[in-house]
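There are structures below to look over.
The two complexes that follow have chain A in common; it is paired with chain B in the first and with chain C in the second.
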Partner chain A sequence: MQKKRIRWQSIAPYLFVAPFIISFLVFSLYPFINAVIMSFQQVNGFSDTQWVGLANYRQLFNDGDFYAALWNVLRYTFWTILILIPLPMLVAYIMNQKGLPMKGFFRSVYFVPVLTSSVIAGLIFKYAFSSEKTGVFNEWISHLGIAPVDWLNSSGTAMFALIVIAVWRWLGTNMIYFLSGLQGISPELYESASMDGANGFQKFWYITIPLLKPITIYVLTISIMAGFSMFNESYVYWGAQSPNNVGTTLVTLIYKAAFTNGNFGYSCTLGVALFAIVVVVNIIQTRVMGLFKDEG
Partner chain B sequence: MKKNFGKKIGLVLLTALTTIGLAACGNGGSSSSNKTADGKTKMTMWTFVDAQGTFFKNAAKSWNKTHKQKIDLTVNVLPFDQMNQKLTVALQSGSGAPDIADVELGQGAIQLKADKPAYYPLNSALKPYMNNLVKSRLDNFKKNGNYYGLDYHVGTTVTYYNTDIMKAAGVDYTKIKTWDDYEKAGEQVKAKTGKWMNEVEYSAMFQYDAMVTQQHADYIKNDKATLTNAANVRVLTQLQNWIYKDKIARTAVGGSIDNDQFFAEMNKGNVASVTMPSWYMERIADHMPKLKGKIAIAPMPVFNEGDYRSAGGGGTGTMVTNQASNKKLAAKFVVWAKASKGQAVKIWEDLGFDPVRSDIWSEPVMKEDNKYTRYFGKDIFDTFVQLKSQVTSTTKTAKISPDLNDYMLKNTFPSTLLKDKMTPKAALQKANDALNK
Partner chain C sequence: MGETKKNRIRITLSLILMIFLAIIVMIPFYFMLVASFKDTSTIFSNGLNVDLNFKKMNLDSYKSLWTNRNGIYWQWFKNSLIITILETVLVLAFTSMVGYGLAQYDFKGRKTIFAIVLIMMMVPSSILLLPLYKLVTQLGLMNTYAGVILPGIVPASAIFFFRQFCLGLSREFAESARIDGCGEFRIFWQIYVPLMKPAFGAMTILTTMNSWNDFLWPLIVMKSDANFVIPAGLLSAMTPYGNNYQLLFAGSVMSVIPILIVFALNQNQFIEGLTSGGVKG
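Let's look at the complex of A and B:
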C-alpha cells in the first residue's frame, strides 16, 4: 500500500497567495457580483428586495444628474492627465539631474502633499477658494486688478478648483513613479548621445520619454481610474449638493443614492455604470498606446 | 522528513491565520450575552455629537439610581457622515446596529422611508409624558401612527439681532413686526452702517422652511411636492428681493448660516440679523465671542396677521433600533432621558436646547446662571414661552423629502438666490414638475 504523499513543493505557492486570493474573493469579487445583482433590484433592506428588471438602468439613462456628473469627471480626468503626466515627468527629470543641490529636500517637499488627508487638504483649499476678497486666491488675483471671484459656484472656476487640488496633491506621487523609471535608464545612453552631439532637449525627447513609456502607461491608467472615481475633494467643497451640479461626480451620485436617498439598488446601478465606463476607457487607452501587443 | 514537518506547521499556521482573520470579520455586531456580571443590561448608543453622548452617559447613571432594571450604556461618538453610513448599512444588513442611535432629522427621513422602518416605536414609552411634549416635534419622527424618535429640542425659531448695529442704524428691533418692517429696517441699516441686514442661505434651508411654515403652509402634501403654492412663492420672492432688489442682504458666505466662514463674518459684526432655530444660540455663544451681550432674541417677523411668529427647525431624534437586545427597556430609557422633568432641565443646562418637554419652560430653573444666560441674558425663555404654541415644521419625513431637499439646494436656490437667473415662480414650478414627475 502506498501512501499518497502531498506534494508540498507544488502546493506552497498557492498557499502563499491564498490570503490575497481569499480576501479578494470575499471583499472584492463577492461585493462586485452582488452589486451587479442589486443593480436590477429595488432594495429596502436585505430582507426586502424586489426585482425591477431594467428599471434602474432606465432611470440612469433619464437622469440629468448622471450626464452632468459624467461630463464633470470627463473634463476632470482630461485636465488631470494633461497636466499630471508631463509636469511630474519634467520635475522628475530635473530632480534626477546630477549635482542638483538639496535634492532630498525638494523631493520631500513635492511628496508631502500626498501624505495629508484629502479631507483636511480639501477644507484648506475650500477656505482658500472663498468668495470673500480675503480668500487666498482672491487676494492673489486682486494684485492683478481682478475683482473677487466666486470660485466654487460657477462651472469653470469650480473645475479649476478641483484641478488645482489634484495637481497639488498628485504631482509628488507621479514624480516618484517617473523618478523610479528614470533611475532604470542606463546613463550610458545619455553619454553616447552627448558624444553624438545631442542637446538636453533632444536627450529628453529621444531617450527619456520613449524609455519612460511603461511608467507613463501605468500613470495614465491609474489617473483615469482616479479621475473617474473622484469624490473626496468634491464632497469637501460642496457636500452632496453642488449648485447646478458644478462639482457633482459619479461617486457623489453613488453616495447620494445610497446614503441620502436610501436607494441602494440605483446606487449599485450607478456603480456598475462607472465600472463599465472605466473599463471601456482603459481598453481604448491601452489599444491606443499599443499595450498588450506582441513585442518585436 | 524534518523539512516536511516544518512545511506542515507552516500550512497549519497559514490556515489558522486565514480562518481567524475571516472569523474576526463576522463577529462584529452582537455580543454573546447582553447582561453584565452584576445584572445590568448592556446597551450601546451611537451619536455624532460629543455633548449628546456625555448627556446620555450621565442619564444612564441617574437612571440606575432610581430604576430597578439597570443599564450599562456604552456610547460611541462618530463623525456625522460616517455614523449615518454605518447605521444605514447595519440596519440594511440586519446586524451590527447599536441599541440606541441619534438620528438627525434629514437622515431620519431616509431611515423612515422604508415601509417597515428598522426602528422600535416609542409609543407606549411616550404615553405618560404625552401632554407635556410639543407635538409637532414628535410628528417629525412619526410614520404610520408610530413615533420612532424623540427629539432633544423644539428648535424654536427666532430672529437674532446684533444690537450694536441696530443702535448705530437707529432701528428699534422690538418694533419689527412684519417682513415689510424688516426690509425697511434693513434699508436703514444698509444706508447708515453699510452692513448687511441678513445673509441668505443657498446650501441650507432653515430660514426658508421657517418662513414657509409660519404661514401655516408646507411644500409637501400626500407625498407630492406643492412648491407652487402662494406661501412658497412669497418666501422665495422675499429672499430674492433682499439680495437683488432691495440689496439689504447677500448670499451667505460659505453657502449657509451654519458654517465657520459665516460664523467669522457675523462675529466681525458684519451682519445685523439672522433667523435661526434656538440651537443657533450654541453656535453664537461658541463661535462669536465678540458679540457677547450684544445679541437680542426676538420673535420672527411675519408676512400677514395670523402668521406664526416662530417655527421649529432642525432636530435630532434618539431612536431605538429593531436590533436592540431589550427594546422595551431601551425605549423607556430614551424617553425618560429626555422627557422626565429633571432630565429636561438637564437638556437646557448641559446642551443649551429648548427641551421638547415644554411645561418646564416657565419655571425659574430656566433662568439660572449658565453659558447661555450669561451670553444672552436671563430672559431667553420668556421669549420662547410666548412662541410655544406657534412651533410647526414643514414636512421632512415624506418619501419625497430627500429628493425635494436635494433638488432645492442643487437647482432652485442656485438659480434664484445665488444668481438672479430665474423668477421664484418659474423656478418653483420647474422644481415641482421635476419632483412630481
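Let's look at the complex of A and C:
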C-alpha cells in the first residue's frame, strides 16, 4: 500500500505537466520540424513537394523585401524600447509618491488601452493619420503652421505612426510592472538617502533604477519579442503590402508568402529566419543583462 | 512648515501630469465614440473628423449592427464570445496544472521542461504560421472553433506565471494532506487551487484579453465570413468593395465593452496578481 502510494506520487508530476508536453510536441515541435523541412522545399499544395536544396535561402538573402522588413522591425523595436522603458519607469516613480490621490483610478485608466485590440486601435489611428488636411493629426500640426503630411506613405512618418500605437497601448502596462517593483523597495532606503542629502534625481538614479533591474529585464524581453513579431498594426495600416515597404514586418512577409503568393516553402524559410534572429537577439540580451541567471 | 508646502507643490505638479497622461490615453476612445455616431461618409471624406456636432450625430451606425447583412456583426460577436470562453477555461485548467506540477514536485526532467517553457516564451508563435496551418488543415479543423483554439491551449507565459505563483506556496500543506491519505490530484484541486485564486484572477483577464483580441490566427483558420471573429470581421468591413463601413466604429465600441466589464469586475485582483506573480523571474 505504502509502496503504491510512493509510486503514484512519483508519477503524478508527469501527469500534471503532460498537457504542456503534449501541446509542445504536437503544436510546436512537430510544426517546427515541418517548417525546417519545408524551408528546403518547393511546396505546391501539401501533397506535392519538391526538394530545392538551399534555393529558398538563396532567395532570402537576395530578397530586398526581407532586408526592408528586418530594418523596419529593428527600428520599431529600438524606438519602442527607448521610449517604453524609461518613460513608464519615471511615471511609476512619480505615481508611487506618498500622498498622491486617486492612484487606483489612474492605474486603471492607464491600463485600459492594452485591453483594446491592436486591430481596433489600428483602425482608429489609421483614420486619425489620414492624409486629408482635416485628418486629426494633420489638423493638429496645421496649428503649428505645418502643411498636411501623407503619414502612412513615407518611411519616417509611417514608423512614427506605428510607434504611436505601441506607446499608447503599452505605456500603462509597463508602468504597472514598474510600480509593482517600486512597491517592493523599502522606503527606509530612500529615507536614509535623504538623510545623507541625496536629492530626488539622485535617489531615482542610484536606488530606484538598480533595484528595478529584474523587472526591467522582464519588460525588455517582452518588448523585444513583441517588436520582432509585430504584425497587426502594420496589417491594419497597409494590408500585406505597404508602399515601398514603409511598414512591412517579418511576420507580414511570412503571411504574404503563404497566403497571398502561395509560396509555402519560402514562408517557412522566412519563419526559420525569424526564429534564428530571435534566438540570436535573446542570446545577446542574456549575455548582456544576465537574464535568468539564478533560475532553477 | 516650508517642507509641507514644498511637498504640496510637488504633489500638485505630479497630479497635473497624471491627469494630462490620462487625457492622452483616453483621446483615441473619444475619437472612436464620436466617430461611431457620425455618418460614415463624413468620416472617410474628411479623415476621421471628430468634431462634436450633435446635429450631425445619430445612431445609424449602431442600427446597422443589426441590419447590415442580416446582423453579421452579432455572428462575429458570438464567434468571439464562444472562442474566448472555451479558450480561457481550457488555458486556465491546463496551465495551472502544469505550473503547479513544475513548482511543487521535484522530478526528473523538471529543469528541462522549465527550460523549454522559457524558450517558448521568447519565440513568437508566428514563425509557425504555415506549418500550423498545414497541421490544422490535415486534422480537418479549418473553419472550426477547435482549429482556432487548440494550438494555443497551453501557452508558456501562463505556465510561467502559475509556476512563479506556486513557488510562493508552502509544500507543507501537501505533505500533511498526504499523511491523511489524500490523493495527489485532490491535493491540487482542493488545497492548492483555492490558494491560487489571485493567480487565476490575473490570468483570467489576461487570457480573455488575448483571446478576445486575437487576430492573425483566427484570420487564417476562419475562411468564411460568417465564421470571422470581431477583429477580422471589422477589418473585412474596411475593404472598399463592401458597403460595411458603417460597422467599423460602432462595432469597435461594442467590442471593447465586454473586456472593459471583465476588467472592471476583477481589476484589483488582476493588477495585484499580475504584479505579484509575473515578474519574479
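The working rule: the second predicted complex is superposed on the first by the 283 of 296 C-alpha atoms of A that agree within 3 Å, B and C clash if a C-alpha of one lies under 4 Å from a C-alpha of the other, contacts with A are read in each partner's own complex, and residues count from 1 in each chain.
Simple rule for what comes next: contacts are C-beta pairs under 8 Å (C-beta built on N, C-alpha and C of every residue); 3 or more make two chains touch, one makes a residue touch a chain.
Keep in mind the model is a prediction, meaning the values are calculated, not measured.
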item: When chain B and chain C are modelled together on chain A, clash or fit; value: clash
item: Contacts of A:P19 with chain B and chain C, given as first, second, both or neither; value: both
item: Partner chain in contact with A:W151 - chain B first, chain C second, else both or neither; value: neither
item: Which superposed partner A:N261 touches (first chain B, second chain C, both, neither); value: first
item: Touched partner set for A:Y76, first chain B, second chain C, both or neither; value: neither
item: Which superposed partner A:Y127 touches (first chain B, second chain C, both, neither); value: both
item: Contacts of A:F66 with chain B and chain C, given as first, second, both or neither; value: neither
item: Comparing the two partners chain B and chain C, which touches a greater set of residues in chain A; value: C
item: First (chain B), second (chain C), both or neither touched by A:W170; value: neither
item: Chain B versus chain C as contact partner of A:F40, first or second or both or neither; value: neither
item: Partner chain(s) touched by A:P243 [first = chain B, second = chain C, both, neither]; value: first
item: Doubly contacted chain A residues - partners chain C and chain B; value: 8, 12, 15, 19, 23, 26, 46, 127, 130-132, 258-259, 264
item: Footprint of chain A on chain C - complex, ascending; value: 7, 10-11, 14-15, 17-18, 21-22, 24-26, 28-29, 31-32, 35, 43-50, 94-95, 97-98, 100-102, 104-105, 107, 110-111, 113-114, 116-118, 120-135, 137-138, 150-154, 156, 159, 178, 183-185, 188, 209, 212-213, 215-216, 220, 230-232, 234-235, 238, 248-249, 252, 255-256, 259-260, 263, 267-268, 271, 274-276, 278-281
item: Contacting residues of chain A [partner chain C, same complex]; value: 5, 8-10, 12-17, 19-21, 23-24, 26-28, 30-32, 34-35, 38, 46, 91, 94-95, 97, 99-102, 104, 106-121, 123-125, 127-128, 130-132, 134-136, 138, 168, 171-172, 176-177, 179-181, 183, 214-215, 217-218, 221, 225, 228-229, 231-232, 235-236, 251, 254-255, 258-259, 264, 267-268, 271-272, 274-275, 278-279, 282, 292, 295-296
item: Sites on chain A touched by chain B in the complex; value: 8, 12, 15, 18-19, 22-23, 26, 43-48, 127, 130-132, 153, 238-245, 256, 258-262, 264
item: Partner chain A, residues of chain B touching it in the complex; value: 4, 7-8, 10-11, 14, 17-18, 21-22, 25, 81, 84-85, 88, 91-94, 106, 110-111, 113-116, 118, 202-203, 253-254, 261, 402-403, 406, 409-411, 413-415, 418
